[in-house]
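Look for chain A in each of the two complexes below; its partner is chain B in the first and chain C in the second.
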Partner chain A sequence: MNKAMKNNLGIILFLTPALVIFFVFFVYPVFFVASTSLVRWDGITDITFVGVNNYISLFKDGTFIKSVTNNLKWSMSGGFIHVPMAMFVALLLSSKPKGWKILRTIYFFPNIISIIALSMMWMAMYNNEYGAVNALLRAVGLEHLQRNWLGDLHTAFPALIAYWIFYIGYFMVIILAEISTIPESYYEAASIDGANRIQQTIYITLPMLKGIMGTCITLSMVSGLKQFEQVFIMTNGGPANRTTLLALYLYKQMINYRYGLANAAGVMLLTFGVIVIFTIKKIFSTNKIEQVG
Partner chain B sequence: MSKKVVLGMFAVVLVLTLLFSLTACGEKKVPAPDEAKQTEPSQKEVVINFPSIWVGKDSKANVFGSFVKEFNEKNAGKIKVVVEEMADYQAYRDKMKTNIAAGTVPDVFSFNNAKDSVLYYKSGNLMDLTPHMNGGWKEDFIADALKEVTYQDKIMAMPYEFAVTPLMYNKRLLDKAGVAEFPKTMDAFIEMAEKLKGQGVMAASQMTGENGWFSMLWYSHLLVAHGGPDVFDRGLDDPAFLEAAKSLKKLFQYTTGDAVGAGAAVAGGHFLSEKTAILVNGPWFIGRIEKEAAEGMYEQVNVAPAPTVAGGKGKQGYYVGFIQSSLAAAKQKDKAKEDAVAAFFKYISTPENVKRLSLDSGSLFVIKFKTDENDKMSHIQKQMIEQSSSAPSITKHFNAAMDTAVVTEFPQALSGMILGEFTPEQFVEQLKQKAAQ
Partner chain C sequence: MNVELKGIGNSSKSAISMRHMTKKRLLGKIAGKTVMWCILLFFLFYTLFPMIWLVISSFKTNVELFDNPFSLPKVWQFQNYKNAFQVSGLAVLFRNSIVISLCATAFNLFVASMAGFVLARQRFKLREAIFVLLISGILIPVNALMVPYYKIITQIKLYDSIFALILTYGAMGLPISVFLVRGFMKTIPWELEESATIDGCNFYQRFFKIILPLSKTGLITAGTFQFLLSWNEFIYAMLLTSSTSSRTIQLGIRYFSNQFTTDYTSMYAAIVISIIPSLTGYVLFQEQIISGLTSGAVKG
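Presenting the complex of A and B:
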């Protein structure tokens, strides 16, 4: 056996366990979900092939359409409000103002608290009878704005978005780490050329962050598509399905013993995820970043 | 690495994966140790595995644990019941459902009697208890309860815990509002609700969060009030579903401002803190009233049947009740093991043991037993037993009678109706759509 063959054998042997696990736990379930999305199946009795009927049922169901639009809104909020806010704070902290380390910890802190605990806390905050939000409104003389935030058709979904969107710590830390890798010499050169702080941010920092911004937006939007716990705990999709999301819709089909329909919704979720990833990848393609300096 | 090698490697992995998955999907089953010896009569100790939810902080955990211990001592060397503790009800339900689907049913397990439990019976994986019940054992049970677990003339489970969900009211608050007697009709009820409102108290706890439990129970009462005890037999097209929806919408005028979206903890908490005067719930809530209610409230809580409606088919004193849990067993090929399971079921369902369990936990059961004056029993539980015994009808609740998809949609449709998104007609239509989907 020559050296090249030995090398290849070694690579194959080292990669095989990971690939087997990948196929068994990722590829196979995807095929399983896709194939069972074409059947009627209650999980206990016999399976009946129904073709694309489950998909037709999905698109006829107003709740599914609502789930998709809500998921899109959630993902967009993540990509275009949550991540830019994280970037803004990261840019501010990157100049290392007094107390920046404490601020960084404070911003990151909600990320180490369980989602369930946070959700429960915000349910209490939004409560109509004893919630802090209404108490605050009363305190500042805005009684007329008081409402049952999670039980109102117009405020339930914005209230859900509003509660997590300010927890920017996770992406802030990622962006902050990326900023720290930008060579100081770029800023020194720009400074010699007479560029002020804002110009340095616009012409050096932001272009250098394009790649990581793409990653953060992808992560945030995909996470938006997968959202489940917060909505399940805080509203269970209500009132009147106004806050339902795809993962919750899928879960409800599953507990209704409609596994075929649930898996069809799962396939749609997967499809949306793939579309989001490819779109963001296209927009933020790092190959097109102009090298500075 | 050359492209050829990578492709070769990919092919090997793909074949391995397919082989693995096909093996997993195969029909062939490795026999369990018990099944392997099924043709021989069992000589050694029979072990019964029992994943149980009646553990930990469950109100029945204490006495039920004693049952298992006593049974094992009584049958030492012959039968041993091994309890697998599972305190999370939802996880337990999911696990049992998966086990039944996969054909790996535990020797003994419990389940709640929702409409979908018929799928369990259809699976063909459960033990038929009919031959054991026919020996006179079934005389201990309320006859209607056995009907609930009978599928194609076979008794597929042992009905066990029973629950009624009447109106629990705080007499102290009613007295303050000048209401001397609990209203018997809906008109009188609304009159009382207005008086309570005048005192700053809302009449009833309602909720649309989670599964809308308290409001679902209200809807069940109103359905019987309008449509009579057989209302569920006639399905969602019956006008009673619409009339009950209208009545329920009206009742939401007399509840707390957070009812839309509130869960059981919040809505139940309003009753315990005297923000509301009435709660519809089962006997398991008695313990919470005793321990968590406002000072002196427990003694003031009484029980009443729901009011009737003018022109309705529900007779005065009607009750909503249902089988809360049943026990089933895996189909056994080993006769000794089947007999052992039946012996265990018989032991935990003797009238004496059930009485012990009922008095200790506050729960009700479908096994008949007698009480005397010396038995320590909550006055609330006592009223529930007395009123349900003399009730002209006991009808199961909406969630137990309807398809799971309808049950899941109920809180959404209800919140839509309360917030004006849907009319009562559209509320019923929404439920029908889910039933038809």
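Presenting the complex of A and C:
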């Protein structure tokens, strides 16, 4: 009795800090964002309830719509180009060619460097006058393709996506580890039945990767929704709002003291997150938060 | 394979046709290998080329950079690195980032290890519900919470202090840390704790003397992730601080283009310097990062 009571006290004592922090930084903010998305709040005049007016303003705002479609493109590129590419490279590396560990290490580099530093680096790469991209085009005789990549209406957004989409290290490492957990005996049995490597990949490896692919696509798409730094540093949403994203839109509303509108955008951001999670979960039905051990 | 073929020899027709077949297969294999290496090298080039270009550019004069972006520096301009330190105040930026990242990591691990211990090794009602609730935070896009975070931090009077960032970063990484630490603690054999209980260890002693020391690997993994999050974070560093004295390295990089104006190559030197600590950390803690990613860690 006494001992059990002591344990209960310990449990409460040990859980309280985590729960308090979680409520202050996750639960309360989500409710805060949701409830204040229904008010007019500029930091000066009184807060007034305006119902769904903020949402109506959002959907009438071309910049917001552009942010949503851009975010959609960004997330889709992440989930359906970036992750499959990572899977493909993981499949190649799973045959353990010479130096695969070094390749794995180097592919992971961009995930260690801050997005801010990477953005500055790619701004230099894309620079009109001395950037490496234009210099590279000159070097291979494609002078006519040179342009101000981030200033051009047509290339600014693709250029932003192009820079991270080939940085496959993060998901490659996760998928590669999953491949290594597939029992060797499956492949042995298949090769006795006469299946070659490609057939083994299609009929054994790929089906076994369904769960992890769902997870990776979800992670990639949700992180696509969060993106801010690249556009903030490299284009600030321009030219002509071509590269605006939801988080940037939210930020711009906030620093202009349109808190209600900012939070309505925040709610949309959270909603898209939930939609992504449930859609992908449905498609890759095995995906759930797994517990280690 | 070739040796085997020789062994079979030219003795019969079937052997010849077999040899023909294997030759074809061998060619196919070589072609496959070539394609594979082209792909692998493309990604290698894409990852390394911009970095190497930036490093080389950071040793050039601006005239050289404009003249030919691909040339090597005639004289390696170590002066650029000196400029970088002088112009950007890198020392303060580094100091702030190191202090903030270390404190946020310590704070985060302290909270996460206690919660992880209880959630992994104690039986009580609502345990699973609390666990799922806590780790649901992994999938919340925290950038949607800019306004409330700003309001909370100003409310508790931490605005523009490094404590604002220590608290915020520690909290942001809590769900993933709880997930990682709990997962690791679950793998520690029960017998150890049982025998400690028999020896008269109470709840706290079991945590501090047995489970915590045995969880070192798990804590290092979670700590590495938390440190990287704190080191690389940008938005909340920008929103929650304003003065240069509490500025982090990431925020500092943003101002480089104002500070260096047209001295691009010194700015690149500053960027290179800012990258070095995280890359060094990665090379040192590579195993932890990879195992953290792969122990089912981010199967969120």
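The definition used in the following text is that the second predicted complex is superposed on the first by the 260 of 293 C-alpha atoms of A that agree within 3 Å, B and C clash if a C-alpha of one lies under 4 Å from a C-alpha of the other, contacts with A are read in each partner's own complex, and residues count from 1 in each chain.
In the analysis below, a contact is a pair of C-beta atoms (placed from the backbone, for glycine too) under 8 Å apart; a residue touches a chain by one contact, two chains touch by 3 or more.
Keep in mind it's a predicted model, so treat the numbers as computed, not measured.
Undergrad: Between chain B and chain C, whom does A:Ala177 touch in the aligned arrangement: first, second, both, or neither?
TA: In the superposed model, A:Ala177 contacts chain C only, not chain B.
Undergrad: So, A:Ala139: does it touch chain B (first), chain C (second), both, or neither?
TA: second
Undergrad: Mind working out whether A:Ile56 is in touch with chain B, chain C, both or neither, as first, second, both or neither?
TA: In the superposed model, A:Ile56 contacts neither chain B nor chain C.
Undergrad: Applying the touch criterion given at the start, work out whether A:Ile283 contacts chain B, chain C, both or neither, answering first, second, both or neither.
TA: neither
Undergrad: Output check: A:Gly43 vs chain B and chain C. Expected answer is one of first, second, both, neither. What do you get?
TA: first
Undergrad: Using the superposition on chain A described above, determine whether A:Ile106 touches chain B (first), chain C (second), both, or neither.
TA: second
Undergrad: Is A:Gly10 in contact with chain B, with chain C, with both, or with neither (first, second, both, neither)?
TA: second
Undergrad: With the two structures laid over each other on chain A, which partner does A:Ile202 touch: chain B (first), chain C (second), both, or neither?
TA: A:Ile202 contacts neither chain B nor chain C.
Undergrad: Among the partners chain B and chain C, which is in contact with a greater number of residues of chain A?
TA: Larger number of chain A residues touched: C.
Undergrad: Output check: A:Met121 vs chain B and chain C. Expected answer is one of first, second, both, neither. What do you get?
TA: So A:Met121 only meets chain C here.
Undergrad: After overlaying the two complexes on chain A, where does the chain B footprint on chain A coincide with the chain C footprint?
TA: Shared contact residues on chain A (touching chain B in one complex, chain C in the other): 7-8, 11, 15, 19, 24, 28, 129.
Undergrad: Within their complex, state which residues of chain A touch chain B.
TA: Going by the criterion above, the answer is residues 7-8, 11-12, 15-16, 19-20, 23-24, 27-28, 42-45, 57, 61, 63, 127-129, 148, 150-153, 156, 235-241, 244, 252, 255-258.
Undergrad: So in the complex, the part of chain C that touches chain A is made up of which residues?
TA: Residues in contact with chain A: 33, 36-37, 39-40, 43-44, 46-51, 53-54, 57, 65-66, 68-70, 110-112, 114-115, 117-119, 122, 124, 130, 132-135, 137, 139-152, 168, 170-172, 174-175, 178-180, 182-184, 186-187, 202-204, 207, 228, 231-232, 234-235, 250, 253-254, 256-257, 264, 267-268, 271, 274-275, 278-279, 281-283, 286, 289-290, 293-300.
Undergrad: Which residues of chain A touch chain C in the complex?
TA: 6-8, 10-11, 13-15, 17-19, 21-22, 24-26, 28-30, 32-33, 36, 88-89, 92-93, 95, 97, 103-110, 112-117, 120-122, 124-125, 129-132, 134-135, 139, 166-170, 173-174, 176-178, 212, 215, 218-219, 222, 225-226, 228-229, 233, 247, 250-251, 254, 259, 262-263, 265-267, 269-270, 273, 277, 289-293
Undergrad: Would you tell me which residues of chain B are touching chain A in their complex?
TA: The contact residues of chain B facing chain A are 1-2, 5, 9-10, 12-14, 16-17, 20-21, 97-98, 100-101, 116, 119-120, 122-123, 208-210, 256-262, 266, 270, 275, 403-405, 408, 411-413, 415-416, 418-419, 421-422, 437.
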